[in-house]
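Next up, some structures in structure tokens.
Two complexes come next, and they have one chain in common, chain A, joined by chain B in the first and chain C in the second.
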Partner chain A sequence: MLTVNHLAKSYDGEKKSLTDVSFSVRSGEVTVIIGPSGAGKTTILRSINQLIRDDEGEILFDQIDMRQLNRVQLRRARSHIGMIFQSYNLIEPLTAIENVLHGCLGTKSNFAGIFSIYNNREKEEALKLLQKVGLEEFAYQQCRNLSGGQKQRVGIARALMQHPKIILCDEPIASLDPKSTITVMDILRGLAVNDGISVLINLHQVDIAREYADHVIGINNGQVVFDDRTQALSDAAITGIYRKNANLEGSLVHES
Partner chain B sequence: MNPNLQQVNHFFNKKRFRLSLILVILGLAYAGASLGLGFQTHSLLNIQDGIAWLIQNFIPNEASKGYWHEISQQLFRTFLVAVAATTCAAVGALFLAIIGAKTLTAAITVSWVIRGFSSLLRNIPIVAWAMILLFSFKQNDLTGFLALFFMTLGFLTRAFMETIEDFGTEKIQALQATGATYLQVIFQGLLPEIAVALMSWILYMIENNVRDATLVGLLTGTGIGFIFNLYFKSLRYGAAGLVVLSVILLVVTVELISNLIGRLLS
Partner chain C sequence: MIKPENQISLPTQVPTGPRLTIPLRFRDRRRITIMLTLLVLAYITLITLPTMIPSHFKLGAALMSFTENIKIMFLQPHLTNTTFLTLLGALGQSILLAFLTTLLGSVLAFFFALASTRRLAPTPLVLGIQSLMAVIRAIPTVLWVLIYSVVFGLGADAAVVGITFHSVAYLTKVYADSMDELSPDSIETMQAMGLKKGTIIRQAVIPYLVSSYFSWTFIRFEINFADAIAVGAAAGAGGIGYQLFMSSSFYFNFHEVGVMVYMILAFALVLEIISYRLRSVTNQ
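Now for the complex of A and B:
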């Protein structure tokens, strides 16, 4: 489904933020990337849909290298990749249903997209997705009035509107309270199990990773230091993933 | 004494010393400037005579009531010029700000060119704009309109650009991630988010331009500024006073309305 080979990235041309990262993601599974802050988790995730341009490597999504695509091709490829964010990144003055409908912008003409011209099938689907995440009664609420957990569920509905083959989740629960965390993680888990969507999640919380992941990838200092099934994630392995790197002392804060 | 306390005392003493130094410098600057200009500070004590004369002559009287019709007509005209110039400039400024904002621009050089252009426009004083344009466009409303337009274009481009840059790239990226095109991101993401901020800048500029339009009219020989000049020079002080009063009334009204709209929007 998704294979990343030898990915490397440096922001300043000197210090490498990723060095030779390789892993793959299987369909219908929850794959969690864990690792200390600044290890490169966000860079990996955003390289996949090329929000961040990496320097070297290969990102095979459905056998197509995302790095080789031109603008039109990239736009089409992105429309099959859902993404949710720590800060939700909804358009706050717009209503929930408008934000969900943004998920189909990738398939629309410029004109239709600019003037919010959606067909009935799309509108029905948006309502159905809001129902699926339990927010049908909030469809016409401005997103700025929703709680964090509700916003993230709108974010998930927006991603689902894309009919994604994979959903990338960049710290989806880092700003949420424990109860919303469980709601959001349960929904994400359900997407993998029931809908066969690959779910790739960046996380800080090891206990959540253990509970929800099928497969865990540990990243430290821009390198893959663990890549195995969740059952193999021993305490020793976790200590290894979160060990401080000598030359990063101080800048590497362990957040639990 | 507690060494920590000593440190705190030392800190505050240093701060007090710095403040006193600034005050002394300001005082010296004033003394220097007065000396250079031959300005006698004690003449400020006789200021009340001038003010008394002003009040006596500029209070509108029975005779100035007859001018009310002309004044209100010109006032309305000036207001329209200010609103037209601001709204036209806002459209242009939004376009420039979107292609020039660092977070959206295609090339950083485009951003610098637009930044330079807007800075040039707004750093030429409105009076200079009016005088320059007067040569090519003569004494009419268009001259005033253009002077306000150029200055406002420069100001709003910069203000809009900063609004867009403050908005950041995260939400833009979120829409790009769905496969949205550049224009779709602008219309579906950026504009809804910044609409309220843009609106309050435009309202602020309308207020400002109503004030400036008076001054510009004085130079370009149009609108309320012109009739003020006319009454003033023909010694009809009462009528001139009425003009000033009506301008104040208009500016305050515009400000109140713009506050009201601002509250309704947010």
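Now for the complex of A and C:
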């Protein structure tokens, strides 16, 4: 599905924020990336859809290297990669259904985008997706009036509107309360199990990773230090993943 | 202009030792510079003020005639040479001049603003438009009208073009500033979904912009109304400004001036009420 080979990236040309990162993501699985803050989790995720242009390596998505695409090809590829953010990144003054419909604009013309032209099939699908995430009665609410958990569910519906083969989630639950966390993670898990979508999630919470992931990738200091099934994620392995930044992150691990 | 390296140079360590009061800020170079500048300006003002008053100036007499004229204007307003309907028509002309120039200005400025927003346009274009607009803004509206009256002749045409010109420069800046204040996240999210630029502007930028667009445009309408009055007098563009000029400088009829001032004040009050209503609508 997605294979990342020898990805390396440095922001200032000298200090490497990623050194030789390789891993692969299988269809219909939840893959979770864990690791201390600043280890490069976000950089990896954003390199996949080329929001961050990496310096070296290979990102094979459906056998196509994302790094070799030109602008138009990249736009087409991105229109089938869903992305979910910590801060939801909805267009707050617009309604939930308008935000969900943005997901299908990637395959439509600029004209349709500028005049917000959607056909009935697309509107029906948007409503169905809102129903799927349990927000059908909020379809015509402005997103700024929704709670954090509700906003994230709108974000998921928007990503699904793209008919994605993969959904990238950058700390999707970091701003949510425990109850919303479970709702959102259950939905994401359902997408992998029931719809066969690959779900790649950056997480801080090791316990959530253990509960929801099929496969775990541990990142420390820009390197892959763990890459195995969730069952193999022992306490010793977790300590290993968080080792070098022990002062900052050690306490966090013990709490979670 | 303060060089970047001279800006706030905070000490890295909090000073130790006994202290009577705990400071809220460190004394940095920028604050000292500002204080010194103010002191110098205050000194210059103090020594200039006495030399400005000429020897034949009588403060008492001047104050008397000032209060007399104010009294004529504001307490005894009435019309002799002109009718109220004429003045109402003239006020209408000024309002329409302000409306037309604001409308033209806001439409043109919207596109210039898109092209001068760092997140949406290439840097050379952004810098080019921003500096051009800064130059246009630096020259007052009335001067632009006079410059254009060389081309169009004194009158309404020069007023429309001149006021529009300055409005475009002003609105381009404030619209572009509002766009720059938007969170980059929403634009990035749209890019991550593979949306095209026009779609991104329409779906992610404009929804956030609507309320500030309306409030800035309305402020510019108020400015343009004031300019339309000034231009009516200075460039013969007609309207209430021209009537005001004729009564005050030509007929010395301060009773009529009073009527016009009250009419303008009444309209300014109406504008204030409208802007209040507009704010409560767009903030919803």
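Quick note on the criterion: the second predicted complex is superposed on the first by the 244 of 256 C-alpha atoms of A that agree within 3 Å, B and C clash if a C-alpha of one lies under 4 Å from a C-alpha of the other, contacts with A are read in each partner's own complex, and residues count from 1 in each chain.
The rule is short, and it goes like this: contacts are C-beta pairs under 8 Å (C-beta built on N, C-alpha and C of every residue); 3 or more make two chains touch, one makes a residue touch a chain.
All of these numbers come straight from a predicted model, not from anything done at the bench.
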On chain A, do chain B and chain C fit together or clash when superposed? clash
Could you tell me if A:S24 is touching chain B, chain C, both of them or neither one (first, second, both, neither)? neither
Have a look at where A:Q141 lands relative to chain B and chain C in the superposition and call it first, second, both or neither. neither
So, does A:H102 touch the first partner chain B, the second partner chain C, both, or neither? both
With the two complexes superposed on chain A, say which partner A:S175 touches: chain B (first), chain C (second), both, or neither. neither
Do chain B and chain C touch any of the same residues on chain A, and if so, which? 49, 51, 75-79, 81, 83, 85, 87, 89-94, 102-103, 105-106, 108, 110, 113-116, 158, 162
Using the touch rule from the top, collect the residues of chain A that touch chain C in their complex. 49, 51, 74-81, 83, 85, 87, 89-94, 102-103, 105-106, 108, 110, 113-116, 158, 162
Any idea which chain C residues touch chain A in the complex? 185-186, 188-199, 201-204, 207-208, 210
Can you check the complex and tell me which residues of chain B touch chain A? 170-171, 173-181, 183-184, 187-189, 192-193, 195-196
For chain A, which residues are in contact with chain B within the complex? 46, 49, 51, 75-79, 81-83, 85, 87, 89-94, 102-108, 110, 113-116, 158, 162, 168
